[in-house]
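Each of the next two complexes has chain A plus one more chain, namely chain B in the first and chain C in the second.
This part shows the complex of A and B:
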């Protein structure tokens, strides 16, 4: 592990150097294995926030209160520590720069991680495909990659924020969940045939995906990745 | 019990198959639905997985890790179409 950056009160991003990694596609994940001195092992999948061609990659991890692995990654892991990982993994929930269709990204909480990789790949490739991100967080303090998302704004990339528990002061709309009305008002409509990527807690993903299909998106255009949890 | 989806299987199945089968289309032996494996529902218990059809909830596949092997049982998938 090379360095860490605190992102939220419960989460941080972690830079890892992996000799021979050779890069990954935007949206891919890796499996991380932790071994206790008594031989007990736990494996967890983490989405990769970076989408580069080099040997350095970035994860962003939110501490789960009952978690076995995430508290260690957020609270205990130090630069120089060794990690055992497998990847890059997964060829389904990915965006490739040669794709030219409009893209709607929808993230809940730490589900932003693979979507940030896609937004970074989009910017780095100079793609002019229309990208929109709808990012649902509990409070303004829970935002991962806040400054970077602001910096990525361009004619081809726009972010819509949804606060589910508490909004910033003076925010024009009340806190509330991402429902069908929010999706209809703040995402690329089905008539434009966007590729849609939805990532977050399982309940969030399934509710959003159902609403998108009700709004006319073909189920095959809505790619999902469930992080578990509620 | 919460669940995940077939994206999670990319790692464990890389021990068995030389290509990423999470992008393969599988046909459910129960209801005949054809879907990409990444879209299946995945229930995790320790190092074991139960994979269910997202349409009819029938079991498609189980992965059970033993001390010296990984047992892959696929009786719920009548066939898979793997991108080449």
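This part shows the complex of A and C:
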């Protein structure tokens, strides 16, 4: 592990050097394995926040209260520590720079991770496909990659922020959840045939996906990646 | 054994021999669909088995409910590493549905409302190993978990238990379904940890 950066009160981004990695597509994930001295092993999947062709990749991990692996990655891992990874994995929830359709990214909480990879890949490739991101978080402190997302703003990439519990001071709208009205106002409409990627906790994704279908997006155009249970 | 992770001890727990390698126990029921949840009314629902001769065997919801229903208590294992032990379902055995079906092919493709597909060898659907399940934990199966009915094939990773099942097509060869085309194993035995392709 090369370096870490604290992103939120419970999350951090982690840069890892992986000799021979060779890069990954935006949206892919990897399996990370921890081994205790007594032989106990735990494996978890993490979306990759980067989408470069080199041997350095970035993860962003949120510490789950009942988690087994995330607390170690967020609180204990130090630069120089070694990790075992397997990947890249996944061929469905990915964006390739050859795709020219407009893209609507919708992320909830740490669901932003694969979407950041897509936004980065979009910028790095010079793609002029229209990209929009709707990022929903509880409070301003819960935003991952805040500075980077602001820096990625361009004529081809715009971010809409939604705060569900507490907004920044002076924010023009009250705190509230992403519902059909918010989606209708802030996302690329179905009439433009966007490819839509939704990622986050399963309740968030389910609600957003249902609303998108109700707003006219074909189900086949809405790709979802869900964390957590129900 | 792998690289020892400095300072990692994991939660102290007894290894559960009922869990396949690499799995952990969960008390909730994660949802990991690739797209929005299809909403199918039982009035319009139907299930078909289509053979190589083009014969279509068809069941409406009422037809399905008139067949013998079994109580199934089983463990389920998701390729994303969670497992649930002792889950309870109710459904119609594929042995019952295939009783009148004449086929010489050995493989199948399960098709779901919404377009999902997954391939399962015929031998893995028969012999008391698979059901069309419509109740989970004593309640009608929730759409998020594949209701009104899903295929249930618990001895394989749970992506093979196609949600919103619509039909089974006989195939001559073991052709890859949706996740199998997207990086996942063609067969998916949790005890051999056949996760990826």
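FYI, the second predicted complex is superposed on the first by the 228 of 230 C-alpha atoms of A that agree within 3 Å, B and C clash if a C-alpha of one lies under 4 Å from a C-alpha of the other, contacts with A are read in each partner's own complex, and residues count from 1 in each chain.
Please note the rule applied: contacts are C-beta pairs under 8 Å (C-beta built on N, C-alpha and C of every residue); 3 or more make two chains touch, one makes a residue touch a chain.
Since the structure is predicted, the reported quantities are computational estimates derived from the model, not experimental observations.
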Chain B versus chain C on the shared chain A, clash or fit?
clash
Tell me the contact category for A:202 with respect to chain B and chain C: first, second, both or neither.
both
Should A:176 be classified as contacting the first partner (chain B), the second (chain C), both, or neither?
neither
Taking the superposition on A as described, I'd like to know which of chain B and chain C A:140 touches: first, second, both or neither.
neither
In the overlay, answer first, second, both or neither for which of chain B and chain C A:92 touches.
both
I'd like to know which partner A:82 touches here: chain B for first, chain C for second, both or neither.
second
First (chain B), second (chain C), both or neither touched by A:226:
both
The chain contacting more residues of chain A, comparing chain B with chain C, is C
Give one of first, second, both or neither to describe whether A:39 is in contact with chain B, with chain C, with both, or with none.
second
When you line up both complexes on chain A, which piece of chain C, out of 9-17, 27-35 or 99-107, runs into chain B?
27-35
Both chain B and chain C touch chain A; at which residues?
41, 43, 45, 89-93, 202, 223-224, 226, 228-230
In the complex formed with chain C, which residues of chain A make contact?
33-45, 68, 72, 76, 78, 81-84, 89-93, 202, 206, 209-210, 212-213, 219-220, 222-224, 226, 228-230
Chain B-facing residues of chain A, complex:
29-31, 41, 43, 45, 86-87, 89-93, 202, 223-230
With touch defined as at the start, can you tell me which chain B residues reach chain A in the complex?
2-8, 10-11, 14, 20, 22-23, 36, 38-39, 44, 47
Contact footprint of chain A on chain C as seen in their complex
1-11, 15, 22, 24, 26, 28-38, 80-82, 114-115, 144, 178-179, 181-183, 196
